[in-house]
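After this come two complexes, each holding chain A, first together with chain B and then together with chain C.
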Partner chain A sequence: MTARRIRIVAVFAISFIFLLAWAFPIVWSVLNSLKNDRDVLAYPPKLIFTPTLEAYRDVLFGSASILPNLVSSFIIAIGTTVITMLMAVPAAYALARLRFRGKKFAGFYVLATQMLPPVGIIIPYFLILRNIGWIDTYQGIILIYLSFSLPFAIWLLVSYFEDIPFEMEEAAYLDGASRLRTLWRIIIPQVRGGIAVSIVFVFLNAWNEFLFAVVLSGNTVRPVTVAMFNFVSVEQTLWAKLAAVSVLAMLPVVILGVVAQKNIVKGLTVGAVKGGGRR
Partner chain B sequence: MAKPTTAAIPASGIAAATASGDLGRVLAQRERRFAAALLAPAFLALLATTTLPLMFLVGTSAFRMDLAMPFADGFVGFENYRALLADERFWSSLLVSLIYTGSTVVLQVALGLALALLVMDMKRGQGWFRLIAILPVVLSPAVVGMIWRTFMLAPEFGIVDFLAINAGLGSKNWLGDPLLAMISVVVIHTWQWTPFAFMVLLASLASLPEDIYEAARLDRASAWQRFRRITVPLLRPAIVMVVIMRTMVALTAFAAIFTVTAGGPGTATEILNLYTYRKSFTELSIGYGSALAVALLVVTILISGVLFALRRAK
Partner chain C sequence: MNGRGQVWFQDIVKMHGEFAALKGVNFEIQPGEFFALLGPSGSGKSTTLRILAGLDAPTSGRVFIDGQDITASDARDRDIAMVFQSYALYPHMTVYENIAFPLEMAKLPTAEIGPAVQEAARKVAIGHLLDRKPGQLSGGQQQRCALARAIVRKARLFLLDEPLSNLDAKLRLETRTELKKLQRSLGVTAVYVTHDQEEAMTLADRMAVFMAGEIQQVGRPAEVFARPNSIDVAAFIGSPPMNLIPGHYRDGSVDIVGHRLETSLKESGERAVVVGIRPGAVRITANGIRATVELVEDLGDTAILDLNCGGTFIRARVSDGDVPREGAMISVTARTQDIHLFDKATRRRLS
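The block that comes next holds the complex of A and B.
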């Protein structure tokens, strides 16, 4: 074998190992979720078996259904996304394009809030929300989620707003358009790409959040990342059901990830260049 | 709060204002008001969810506050901080945090860079990498932790244990042994986030100018020389940025350890985040937990300060 052949084989082997390592835990969860209680416990682990949707039927429509938790997750993630975008787009525009005193400080403030470790502020959230009776409510969790989604979205959008040529706005003003109208009609369509990237990231982060959800949720509002724990206890783990719940919790973000693949890579790299990004 | 001044100055208005000589001032004032109106909602929300809670936190850290024994609550001044400095568990959790963060960031960047260089030269199959690499990154660390704890690492059930048995190592208690547990949580974090370093570095590699490499090849520079003299210096800003971002995330990691070991066995994988959480919400010592949270903030600020200074130093 020539050195070139060896090189090609080595590259292929290493690539294959990495791809397998990344895909395997996910694929394995999917396979386990399709097994019955006997197959899931088989040793050595079974790769070939008769697939069944039993576990899904149980976790979705059984006595301990996680359907309400999936609904909670969706309400929280969508609510956070909508409110974040409504606030972040105007703020990012002002930070990127308008002149005002304290602009530098405002930008720094947003960046600083983004660096806050969640564990560092969970105690006051818990005490304050308990005092105003907002524990275990959608408004409580969504409000707290703004603490990480807003700084991220603002920073991401600022970099998109900065790329628009100034001439576009000037032309619109000279035509007598108001500032708000210019922003809405001329500027925002230019940053559609950035808005899409932000929406994807804010939704992902809100869907995936765990620490705040553990402390601030309860029996009424409990996202699926927290509810998942019901299937693991000291006495026994309900393997197939746990796999099914994990897959259901992964499904929306994996679909979003695959569909919005380009957006995600763009968001990550914009963040890397500009210094944003959170988890 | 000022209403947005949306009315544009009509042409005649501009002429009049110019005549009176204060067009610039009027326009600047309108711009300021408009900016304030646009910024107000986001900044009020940020004040309410970050600055205010922080002040509250500093306040509660000066109290003895025990949800289990509320009758003993009271102002204690700096007592919590004095206790913290003498608390061995605090220092050990800080050390675990640093080991966890340092090792996973080094692994992520090294593996991510190696893989990016490898994939960059591929003529086919890049698409597969881009697709598969997205998967771990979009998942919730809580779900990732749960999957690893059960289907990957559970003794005599998980795949890792199955492979270990077949390799003749025997079944191991992956999450019950202090050293193995630490390695496991580092591997899990590295598994989830190496794709991030990989994707960012691959994008940076792709944006490097091709002609420098052409010239280097004509000068008969070896592959190692090309890597050492061209790729590394040009990629440096991206690598530094990835290191900063990954460090900040590893420092705030919580869910992937909480779901896998909950800090155990004992305190073997108890990073400062987990100690703070356990103290506050398991042992219910909110006051002391607040002091720990403040310490966590200080540590985070110090480390990010050092990192950004390194970045500026070039």
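The block that comes next holds the complex of A and C.
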């Protein structure tokens, strides 16, 4: 009994340490976003202070409003997600099902694109986009994001499609369904979990992306991750505003995570347990 | 309904690369018939069914249904329903939606789908399970759901691919009887693939016995049982299997294990043969082949004897009145009409 109690205490203690390490930056951001400029710089840091929404008002409606940047981020993230899913679902199905020449090579290529370090290709991407005049445009950034979100989504979805037995499709054909209708009515509903997981990951990656965005964006199209940097300058860092923007930028991510949590957990376990997806 | 579901396979060949899965298969199925494709695994019976369903294309040959050449048409245009070995129920749909799916695809008005689904479900006694998902059903219920989905559309042909193999022994026997009744009451042509000769014997009006990509014999089960036309069919049909003993034929009689038996074949000349005698046709007699009883398997009303006839082992089925002890020396024979003669070289039937 005591041994068990010790174990429970140990588990809680370790969990707490991890939780603290994970939660600290978020707690720090939330607290600082609610402080005024003086409280932010106070040393030692104040844990008890009068909260104010001043920073939020400034970053949303002030002279340096980040609202346009939030809109840009949404357009980029949603555009990337929609186009990725429209292409990845049929592509993953084809890779899982159809037999064609070069199938093995195509499968390897999809994975190989994931092996390149992004920094290595950022300069060529920049040059290409500049030559076709797509720097600082939505289509430019979305196109580059597709080059890594698409292989990732395809690779993730293929295993879900492969889990569905052939007989399921054959049954649908004999029941009078066309290939397209079979895909839509029989196959896709069974890979819902995988599609939800893909949507979440692709959206989050596009929303959080910074490296490519900072090089390929400009004054017209500037996602919020890049815009945040405006609050860091040589003379001073506007900590409260920076924290407020961070919290705002985190919100969609958190909301999406909470909404899709059930699907993500289910989706991941379905892929792991053989046959579980057929129930 | 009448005259629907007539099938004609004409010289069907199916190659998988160099391997011939089907080497020229010909048969005909009459409307309303319960037709079994029987054979060991890898014999080509499932390939035959898949070609009939339109899930595989033959390398050469033609398939006709109701006189119409459908070799090149798509599975969904053939008006064929099928029950898969794995049932292939759609896991994300309820039982009701599963059964309704073929009707929906056939663009039946919604008002007609409901009653049709209810009726099909009632016929297989799952009317109370319509709101469940397949994952919430037992194996037997899933099997019935697959049956209901197949019969709901009133297709002209009803294909069953080892539909009972995933059920436990008791349920399999019950379902077998119900399946036969169902097919009779619907009057639909059924094609049934199985490797279980007993299933084929009890269910089929006629059956085709497949061996190594070829049809060895087509006929009524009783016919095939009584006159198997090759050694392979003889060995495959019947349980326990037929005793096959090498022998020497000469002028109307045959020598086996040092004993001479009269045969119904009356041609002169001699040749190496294989003599087939069903266990049930082995008789204990005063003067015949000497045999030691090595083992007695008591089945209640009958018993199976493992006999050693001087190094040749045969099995006999005797009724429980005259079961000898294990280790006893007995003497056995068979009536002339119960002796099957096969040519040892060609493996074909002689008598």
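Just so it is clear, the second predicted complex is superposed on the first by the 245 of 279 C-alpha atoms of A that agree within 3 Å, B and C clash if a C-alpha of one lies under 4 Å from a C-alpha of the other, contacts with A are read in each partner's own complex, and residues count from 1 in each chain.
Here, a contact is a pair of C-beta atoms (placed from the backbone, for glycine too) under 8 Å apart; a residue touches a chain by one contact, two chains touch by 3 or more.
Quick caveat: nothing in here was measured; it's all calculated off a predicted structure.
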Would you check which partner chain A:Trp184 touches, where first means chain B only, second means chain C only, and both and neither mean what they say? neither
Check whether chain B or chain C contacts more residues of chain A in the superposed model. B
What is the contact status of A:Leu86 with respect to chain B (first) and chain C (second): first, second, both, or neither? first
Does chain B (first) or chain C (second) touch A:Glu167, or do both, or does neither? second
Taking the superposition as given, does A:Gly176 touch the first partner, chain B, the second, chain C, both, or neither? both
With both complexes overlaid on chain A, does A:Phe108 touch chain B (first), chain C (second), both or neither? neither
Touch check for A:Ile128: first (chain B), second (chain C), both, or neither? first
Common interface positions of chain A, toward chain B and toward chain C: 173, 176-178, 181, 277-279
Chain A contacts chain B in the complex at 11, 14-15, 18-19, 21-26, 28-29, 32, 41, 43-45, 86-88, 90-91, 93-95, 98-101, 103, 106, 109-110, 113, 115-128, 143-144, 146-147, 150-151, 154, 173, 176-181, 204, 207-211, 214-215, 225-226, 228-229, 232, 237, 239, 242-243, 246, 249-250, 253-254, 256-258, 261, 264-265, 268-269, 271-273, 275, 277-279
Complex contact set, residues of chain A against chain C: 165, 167-168, 170-178, 181, 185-186, 189-190, 192, 277-279
Provide the residue numbers of chain C that touch chain A in the complex, in ascending order. 53-55, 74-76, 78, 80-82, 84-86, 88, 90-92, 101-102, 105-106, 133-135, 149, 153
Going by the contact rule at the top, pick out the chain B residues touching chain A in the complex. 4-8, 10-11, 28, 30-32, 34-39, 41-43, 45-46, 48-54, 56-57, 60, 115, 118-119, 121-122, 125, 128-144, 146-152, 154, 156-157, 159, 162, 191, 195-196, 199-200, 203-204, 238, 241-242, 244-245, 248-249, 251-252, 254-255, 258-259, 273, 276-277, 280-281, 286, 289-290, 293-294, 296-297, 300-301, 304
